[in-house]
Amino acid sequence: MNPIVGIVMGSDSDLPVMTESAKRLKEFDIPFEMEITSAHRSPVRTSEYARQARERGLKAIIVGAGGASHLAGIIAAETTIPVIGVPIDNSPLSGIDSLLSTVQMPSGVPVATMAVGKAGAVNAAIFAAEIIGTSNPAMADKLATFKIELEKSVVEKSEKIKRDFKV
Amino acid sequence: MNPIVGIVMGSDSDLPVMTESAKRLKEFDIPFEMEITSAHRSPVRTSEYARQARERGLKAIIVGAGGASHLAGIIAAETTIPVIGVPIDNSPLSGIDSLLSTVQMPSGVPVATMAVGKAGAVNAAIFAAEIIGTSNPAMADKLATFKIELEKSVVEKSEKIKRDFKV
Amino acid sequence: MNPIVGIVMGSDSDLPVMTESAKRLKEFDIPFEMEITSAHRSPVRTSEYARQARERGLKAIIVGAGGASHLAGIIAAETTIPVIGVPIDNSPLSGIDSLLSTVQMPSGVPVATMAVGKAGAVNAAIFAAEIIGTSNPAMADKLATFKIELEKSVVEKSEKIKRDFKV
Amino acid sequence: MNPIVGIVMGSDSDLPVMTESAKRLKEFDIPFEMEITSAHRSPVRTSEYARQARERGLKAIIVGAGGASHLAGIIAAETTIPVIGVPIDNSPLSGIDSLLSTVQMPSGVPVATMAVGKAGAVNAAIFAAEIIGTSNPAMADKLATFKIELEKSVVEKSEKIKRDFKV
Amino acid sequence: MNPIVGIVMGSDSDLPVMTESAKRLKEFDIPFEMEITSAHRSPVRTSEYARQARERGLKAIIVGAGGASHLAGIIAAETTIPVIGVPIDNSPLSGIDSLLSTVQMPSGVPVATMAVGKAGAVNAAIFAAEIIGTSNPAMADKLATFKIELEKSVVEKSEKIKRDFKV
Amino acid sequence: MNPIVGIVMGSDSDLPVMTESAKRLKEFDIPFEMEITSAHRSPVRTSEYARQARERGLKAIIVGAGGASHLAGIIAAETTIPVIGVPIDNSPLSGIDSLLSTVQMPSGVPVATMAVGKAGAVNAAIFAAEIIGTSNPAMADKLATFKIELEKSVVEKSEKIKRDFKV
Amino acid sequence: MNPIVGIVMGSDSDLPVMTESAKRLKEFDIPFEMEITSAHRSPVRTSEYARQARERGLKAIIVGAGGASHLAGIIAAETTIPVIGVPIDNSPLSGIDSLLSTVQMPSGVPVATMAVGKAGAVNAAIFAAEIIGTSNPAMADKLATFKIELEKSVVEKSEKIKRDFKV
Amino acid sequence: MNPIVGIVMGSDSDLPVMTESAKRLKEFDIPFEMEITSAHRSPVRTSEYARQARERGLKAIIVGAGGASHLAGIIAAETTIPVIGVPIDNSPLSGIDSLLSTVQMPSGVPVATMAVGKAGAVNAAIFAAEIIGTSNPAMADKLATFKIELEKSVVEKSEKIKRDFKV
């Protein structure tokens, strides 16, 4: 099946974080592709990827990058499909650099920014599913089921600590 | 026409920022509604708004809030449609509080965070259009045209400063 | 004995921090309960917990959460009993996200915010005791005794380093 | 009637912020007193104020201070009644100095910290009312009514912007 | 004379800051050109500008941009000539977003970052002169003279306050 | 009388802040001198000033500077007399740059850092008086009197708001 | 010999940092004493220590504390001798809380703040020596010798890396 | 061959970071020298190094330092050749102190600041090569080749994860 979500990262060192997006998309049975390309080291390749995304049938692009992370913004500059940014904390500044570089986009070119690190990578996949769900009721229903499971897991954990807890 | 995007804000003091979202949606001919509701002052109302959003036909909810801005996260907790957060800089801390409260969502419940303030409100509307564009080629084409106009406006400004500029 | 303080946390990963609140309440012989519930993953359950707190006899609710920690604010939105927030440093941003999300509450809905992490969890329990002490002189006396012990322990430590210290 | 809440501030320049606490306490018919005393300029006076607070019948002390705001912590050091801190943004660092100096208290001596500035001063008064409400059902009922009014005001504002709003 | 330095900015709103670079280059008699082009709104144009810079004879490119300022990085990605970045403080976050987006470049693609705002724009021009001076002794001598004038101006100001100062 | 305290600043734009040091030294009858010299624009002059300070009879040097404020550190590098740093908030980053550049000195070369801005300039003068007071009992007594006046002024202000305050 | 410098810390957990002050004072043959006392846990003891410092012959007090570190400010409030603050990084916020709580003192009560952590503790001792040196030429000469040794050690290290360095 | 680039660091503890500059210069066959000298511990030596740099034939000086890192600014104050600053994260504040101390230079004396830590050290060397390349076409060509290799390495990594990746 053709991929409908792209997971793009600036370097293979981002893989441990971005794997979380992949896992979650798999659980939702959303076909995806993974790509390494850099705004700074492979700008032409990045630009081509962005420009072809719509005609290749992608519905969303998840982009992970650290430091002065320009990758999500640069891809958003050259496509009309939604770009979801995952700031990665791989510099000495703990990800605040990556967060601000991803989220503070100027008027005209949005990047949908998620939390820094793994939580953000998981949520990027869920958000991609939500986008798909806007035109695909089955996907929206899957998300509704997923929410019920989230709640169940909270209840189970709460019951567990009530049984187990001894100060 | 029924609204397909909701613009929600926590207080009427957020209106000068969130008006930017409304203007932009209007330019894209996207029907929308505006609502004030607060995560903290009207939690039941907020919860109902979120739960009914999907069946009421919304495709995206844009949420603006300042300070410890929980509104986007709380709405995202109770709907499967995409929630887009706009942090507003109305506390003494210049919006960093609002940005972190909006973006640092835990695994399971994403909020697509935009830039702090007016740039973010504009981009939230464009991002809503991109989501709609994933299943509506006419909207995607409008966005492609919009991108061309963005570029033209840059060229015009550049030509202007070349003519005008005297140190 | 019925619990008069609730300790609520967003996830079982917060338990190592929130255990500190439990330990201290136990030392003060204050009956308490522990609950896991999430503002984002189990919003209905959270809302019910908050709404029933007063009639169930709680005098204070201690809430620990990390990242964009909305839990304390959301509980405060639906109860009139004092809510004490403990920011937890479990994201790459070292707890500043959690602190600002907890403390920067808008006019109308206060959350009494403590220090980030374990010191905050300990102090949340002491603060709950202080609240109880406002109508319970025995508890206020216990706190007065506790303060004397704090001072004694400082004196002992000071004497120890004077004896031991060799550069 | 004897005051049951103290509003303490480090300098008369803090008055425009701390007036918000006073206004709100008045609306709740809670008798209060106002005091200027400084942790650094009048330490003995501050210490005496704190030590006598309980026997003078205070149920809570609201403390506002800016910069390296030690006042709330120093008062908390010498009383067993709840101390509520309001960080004030009167230094070039926009209140982050005052927030961290107020909230990051060590184990043993809690300060219930509110938002920076006026929102925090309003909420300090509401939180004092919540403390009183734990042993005074009439006050708790007032707070419940106050919450209903907060919600009503949100609904009215929402209806107003729906009527008024023209992009 | 052909320009040997390019001054590039993302928007005409950056002109009041970037004019400082232009003024200073003029004082050094360094021929320059000014260009508006955006990493996000005119990516192709930006890319072409960068790729042609070397063969067009530029020795340095000064780039000013605000918010998530990707422009300097994107130009540096496609040229081998030195790129000098000037972070501009035009977002609610006071330029820290722009500083981190400009300076935290990944291994392989440097951007020589200057101070935020006008001081940075002045220094970008001086730094461009220093680069030119590495192969042009006359320019290096001009810089040496400039340094002597800087010192003189300090001495004059010092003498003036000694004469004028009355507490 | 020969000056025993030097007030040094990097630029005449720092004068409105550093005047506060001068005023306070005058009130304490401490003879002082004022100097403009820059770590970056007049390094040789700065170095000479520092090296001659001790033999010229100075007991302390108060140094004010903004941005990447190296001036205090550079003077401290070349003298054995105490250097007191006053960070000045004259860059877009509100003084946090100046504070960190002044205070984070490496092992071996201390700078006694005061608060950012005018409060810091006032305190620098008081601290200089405290240094002088370590070998001059009359000065120490003046400081004791000054402390009593500080306390009196607090009491007066407190009485005033008690008379005046009407919500 | 009677101590002329006090090293005070809020808790025995601060000892590994504050030992650095002690070591350095010993190298300068400056008699000192060590004390644990807390602004919050032993306020009366702290206050007494501060008030008796001058008559007990102390020339400077070095104070180390972490988190919302009020200790240096509280001691400075009750003495006229110079107080030197060492912020300690023992909270999840990496010492920025401690730095701001120590340095941002209000007009009237200075604390001479050093760098966060061990470098600050070393420098506090050197700064105390500089204060003593203002009235004790032998100490000032020791400091001059110390500066020469610092420089020598730099030269030696530089020579070593020139010999050793192989990429 | 005479060195044309200087690598200067404040302490031998900076060597693990600054080695990255050395490695990269070696790969580009750029002759360099390494020096330890401190703005604070060896100011005269530092000053002499800076003043002789131009006549000794250096084309650029790379300077690494941590904390309140004044070294790059101080060298820039006394030379007309380009100074490239590498902030090093060796204090408890994670390098933000070092970044701001290096980059926020006042008008008149630029320091070309790189990213914090190793990425910055690598890029400093590449930037030095770019400066040399402005008058040395062979070096500029080497940089062009280096850019092609950067891109190739991205493509290879991308192909590898496509082959290897299994969620």
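The chains carry the letters A, B, C, D, E, F, G and H, assigned in the order they are written, with residues numbered from 1 in each.
In this section, a contact is a pair of C-beta atoms (placed from the backbone, for glycine too) under 8 Å apart; a residue touches a chain by one contact, two chains touch by 3 or more.
Predicted, not measured: the structure shown is a model, and the values here were computed from it.
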Would you mind naming the chains that touch chain F and likewise touch chain H?
E, G
Between B-D and D-G, the pair with more C-beta contacts:
D-G
For the two copies chain H and chain A, is the contact made of the same residues on each side, with over half of the numbers shared, or of different residues?
different
Once you find the CA centre of chain D and the CA centre of chain E, what distance in Å lies between them?
48
Using mean CA coordinates as chain centres, what's the chain D-chain H distance in Å?
51
Distance between the CA centroids of chain B and chain E (whole Å) is 34
Geometric centre distance via CA averages, chain H-chain E, whole Å
18
Residues in chain A with touches to at least two other chains are numbered 11, 38, 41, 67-68, 91, 93-94, 96, 99, 103-106, 108-109, 115-116, 119, 147, 150
All pairs of touching chains, please: list them by chain label.
A-B, A-C, A-E, A-H, B-C, B-D, B-E, C-D, C-G, D-F, D-G, E-F, E-H, F-G, F-H, G-H
Residues of chain G touching chain F in the complex
54, 59-60, 80-82, 84, 99, 103-110, 112-116, 118-119, 122-124, 126-127, 130-135, 140, 143-144, 147, 150
The residues of chain B that touch chain C in their complex are 10-11, 38-41, 43, 47, 66-68, 70, 73-74, 76-78, 91, 93, 96-98, 100-106, 108-109
So, in the complex, the side of chain B touching chain D is made of residues 11-12, 15, 19, 22-23, 26, 33-38, 41-42, 44-45, 67-68, 91-94
Show which residues of chain E lie in contact with chain F when the two form their complex.
89, 94-96, 99, 115-117, 119, 147, 150-151, 153-155, 157-158, 160-162, 165, 167
